[in-house]
Amino acid sequence: MVDFGFGLVPSSRINLDLFDKEKYDELLSIEPDARICMACGSCTAVCTAGKFVHTSLREAMEDIFNAKPDKALETLRACQLCGKCSMVCPRGINTRHLIMSITKVYSKK
Amino acid sequence: MTPLFFALAAQAADPEVIDRIPSGFSPFVLPFTIGVAFMFSWIGVGLIRLLAAIPKSDRIKFAKSLFIPKTALKNLKDLFCDCLFHTKIWQRKPLLGYMHSAIAFGWFMIIILGHIEVALFVPARLNVTRGGLFYPIFYRYFVWMNPGHTTLRGSFFFFLMDFFLLYILSGIALAIFKRFRSIVLGMRHTTKPSFADRVALYSLWLIFPLRLLAESFTADLSGGSFLTVPVNHFWHLIFGDKLWFMPTWWAYSICLGLFFAAMPFSRYMHILTEVLWILLRNAGVKPNHPRKGVAEAEIYACSSCGLCLDACPMNVQKKNLKFSSVYFIRFLRRHNEKKINDIAEKCLMCDKCHALCPVGVDAPSLRRAQRATVNNALPYDYSYLSTASGSTLAGETHATLGTVRGGTGASLCEASGGAERSEAVARPRVLPEATNKVLYFAGCMTHLTPRIIKSVEKVFNAAGVDYAFADRDGGICCGRPLMLAGKTEAAAAVIEANKKMIEKSGCDTLVLSCPICYKIFKEEYGLEGIKVVHYTQFINELIAAGKLNVQNKGERLVYHDPCELGRGCGVYFEPRAALGKVGNLVKASKEYDESICCGGSLGSLTLDTKDRSKISEASLDSLLANDPQTIVTACPLCLKTFSEAVAKTKKGDLNVSVKDFAEVLCP
Amino acid sequence: MKNNILIIGGGPAGLEASAQLQRMGYNVILIEKSPKLGGHLAKWDRLFPDSVPADEVLGGLLRGTEGVKCFTDTDVRAINRLDKSYNVRLTNGITVLSDAVLVASGFDLFDAVKKEEYGYGIYDQVMTNADLEAYFKTGSDRRIENPGKIGFAHCVGSRDEKAGCRSCSKVCCATAVKQAIEMKQAFPKAEVYCFYMDLRLFGRHYEDIYLKAQKEYGVRFIRGRVAEVSENYDGTLLVKAEDTVAGKPLKVTLDLLVLMAGMRPSAAGKVIGDLLEMPAEEDGYFAVRSGIAAGQRSPIPGIFLAGAATGPKTLPETLADARAAAMEVDRYLTEIFPDAKNYKQLVKERW
């Protein structure tokens, strides 16, 4: 086979094969609400920190599913745990605990 | 009293009591002596370890406090009221208070009187080498009354000893009864005892009946009074002259020994630790770890009485009883990290267990300290705050001050982006900097309850308050939610940022409409020269000063005390005073410091929506006790929680509205 | 002998079912608690997807009910189950001995006041879909004064566990698209935004109006739920949502925000359900014998259901449901009801 060399270029594509099931299960075990986000964006819209820097729980969840946990941590760094997101979440997700749990689980190397 | 004491002193020379056993020893005292010696050495070592573990500054503070007259006086008062009389329990549940004080105070008096008797009649025996450790306890066994020489003084002590024994026995009877029907004593839930608790508990139940038995057997030899003498006659009636007093004295000693041996591992450790905890508490020494140092005294001061079970709002579901403070403290004692953490995270931090704790154990603070051990290290990055508070917030202070519809509510911290800045500049600007002496900070949550903001502004405008609105377009969180989550360092960062913004504003009064904000602004911010008030206080003042005219519409109102405002900051009076002027205030079944958390508290990290709504229902039930037309609260979280609870309630005919304090006060 | 059939609820479902049963020769009694027949349809201006005037549809339905005994301003006071029939006492003093009861109690619109963060009843410039229809009908509303920027917030009281409404209300997406177009027609210069979580435009021609809204009217669709609304100094609204497609929080100043209040189980229907001891599911809508095979039969023999009483439905679905219910009533009254001897056995087998 001829190697055309395309494989050497880093892919910008999300690679679901890299999804870390074990870590995700660990997250679920401490915060089962991690399953039920419907990506409405309410949390991001009201975010107190989000007014200053990019902060988004919705996106962090997406990043975790898309095997980019570091990006998720990055997106949540600025969170002030004020709880507005938990007030508006239509699914009643315990967002504050979810945020802390993501930080706990995924910042362990 | 004087003639009596005179008589007592005059008779001191008569040989009234004769040492029946010259050696002053009998083998039956051994179980007690061993038990009590074990307990004291355990406590001695514990005390040294504890004092060594606390920071030196705290040690000095503690030592000094013992010699400050004011603190010493308070110590004395607290020791008598809390440890012996249990006044805090009396106030809420008289029968339960009687039970606790009967056992504690009665026992204390018996020990003291026993020692006084020995000191008066056989003083040599107080010496430790001559049996001072056990002699006063088994005094009645060792002595023989000289029948011809009974004196008023002797009878006086006989009477007292019998009196207090009866007093204790009544307490024990109630305690046994309470195990089976606690509700009669005002407790719906009781603590599940651990193994050591059971050993100590059953020994405790037996100790005093056995003492009565033992002393009544020997009453014809060593004397007695209205209780022991008749009982002695009664035994003679039944058994004739054959009384087995040796076995009963043995049993009495064994029970005492068992009790003291089990004490360090059981809840009864509180009897002595409570003393230390009261001294530490009054010295102002605070725990900085959930179970080391001062906290150790605090957790061992817990008597596991279980009053916090009834206090806990989570008790609406039996499955959540295990998250109550009494179990939290039990696991802290056992160093069970996993369980400690689970319980610490579940709590709503409503502080009711602390408010109602007869020993004043501050379990919510211990929980916060526990959360900090785990969560304080979680990474965060608030570098954006320095730019935000430095340039944006304060920088735009005068850029956005402007006249607004119907008032002067201006925005202090507009937003960060350049686009917003130009928008802000485009608005008409009339007021120069720092004419607004009153600064209103709504807080994050209040932005989701526009009713509050609208009403506060209406009230301010009606009362002619010249104010600035610090976070009209959103601000920085006050830091209390971070604090509650145990992220203490992160909290300090947001506090710093807000503080800068507020100090730059030049205001002299800061009005908060969210109790969560209010608590932390008041306690942690240290805003010098700025009066920090909750809007209930501020509006009440406006009414009192005649600036805000209100009319009594006769509506039946019930006021819900938000946790952070009531128990958290002690604000109970002002909201009620103001509400009393616009309506007819009715009572909730639980209010003031017994008010039930609405269930929406930010304090809990892990409680889910379903469990929360059960708590909301219970809280709602309490508020509806006297058929109000309107529930009034003064917290955005309570407002939202109750609004949702009323909407979702299954009671078809429920016709009650939920309103914010300012909304009701709106002219 | 003609069987008596009581139909509770004078909305589209009740009207259509009574028309059908009347045609079949039954003696139909229709009761409606409000003074006017037509339910929510009577308050609507035009209908999606083809913008047919609601009055036209309602007129057709009313014409079909000739001969039906209609009692408006009438509610049920008490219901007794006899052997097979129901003895129903009405609030107008009449007692009906009915062999079958059809409950067409419909739905209530979600009370938008309950979503406080949207500011309905607090901010002047927030209104609901129903308010907007009333405006279309009457041509006047103090809130609408040549608005420059208009927003539609989808899913108000739908797909919201917090508000106790888990389900999708089915009709609001299409209604929002329809109303957005109508607002553009009324105010061609206005900018119109629709804030949605998912556009659930499933029916025939629904996609057409979506396309029309984009192509011909330039309605801007933003995928993100409206999460916070505040009022500016000048009374305009500052609306916050996340543009989840762009992945950025968004804010926009609007002159008018229309809340698409969803469908909730009817409160009046619940009272009827309690009288009949008819079970509802957790979502508050009445349970049916089988969601697929017997969607118009309640678990109680002789009690039938039609329309939104059993969950959110579009108007054509409601009408079809009502016709199906009529067929079910007929089947029951001819096959099961008359056989007094084997009644219980037949109910067991065929209900």
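Labels for the chains are A, B and C, by order of writing; each one numbers its residues from 1.
Quick note on the criterion: a contact is a pair of C-beta atoms (placed from the backbone, for glycine too) under 8 Å apart; a residue touches a chain by one contact, two chains touch by 3 or more.
Keep in mind that this is a model prediction, so the values were computed, not measured.
**Q** Taking each chain's centre as the average of its Cα atoms, which chain lies closest to the overall Cα centroid?
**A** Going by the distance between chain centres and the overall C-alpha centre, it is B.
**Q** Once you count every C-beta pair in contact for both, which comes out on top, A-C or B-C?
**A** Answer by contact count: A-C.
**Q** How far is the middle of chain A from the middle of chain B, if each middle is the mean of its Cα atoms, in Å?
**A** Computed value for the inter-centroid distance: 40 Å.
**Q** Measuring centre to centre with CA averages, how many angstrom lie between chain A and chain C?
**A** Chain A and chain C have C-alpha centres separated by 38 Å.
**Q** Could you please state the distance in Å, as a whole number, between where the Cα atoms of chain B are centred and where those of chain C are centred?
**A** Those two chain centres are 53 Å apart.
**Q** Which parts of chain B, given as residue numbers and ranges, touch two or more other chains?
**A** Counting only residues that touch two or more other chains, chain B contributes 447-448, 609, 640.
**Q** Can you list the chain A residues in contact with two or more other chains?
**A** Touching at least two other chains: 46, 51, 87-88, 92.
**Q** When you check chain C against every other chain, which residues touch at least two of them?
**A** Residue numbers touching two or more other chains: 117, 161-163, 228.
**Q** Can you tell me which positions in chain C touch chain B when the two form their complex?
**A** Chain C reaches chain B through residues 111, 114, 116-117, 119, 122-123, 161-164, 228-231, 233-235, 238, 270-271, 274.
**Q** In their shared complex, at which residues does chain B touch chain C?
**A** Going through chain B, the ones touching chain C are 402, 404-405, 427, 447-451, 453-454, 472-473, 609, 640, 643-644, 647-648, 652.
**Q** Once bound in the complex, which stretches of chain A touch chain B?
**A** 31, 33, 46, 48-49, 51-53, 73, 77-84, 87-88, 92, 94, 96-97, 100, 103-104, 107
**Q** Mind listing the chain A positions that touch chain C in their complex?
**A** 38-47, 50-51, 54, 56, 58-59, 87-92
**Q** Going by the contact rule at the top, pick out the chain B residues touching chain A in the complex.
**A** Touch residues, chain B against chain A: 345, 374-375, 378-382, 384-385, 388, 415-416, 444-445, 447-448, 474-477, 479, 481-482, 485, 487, 490, 494, 602, 605-609, 637, 640.
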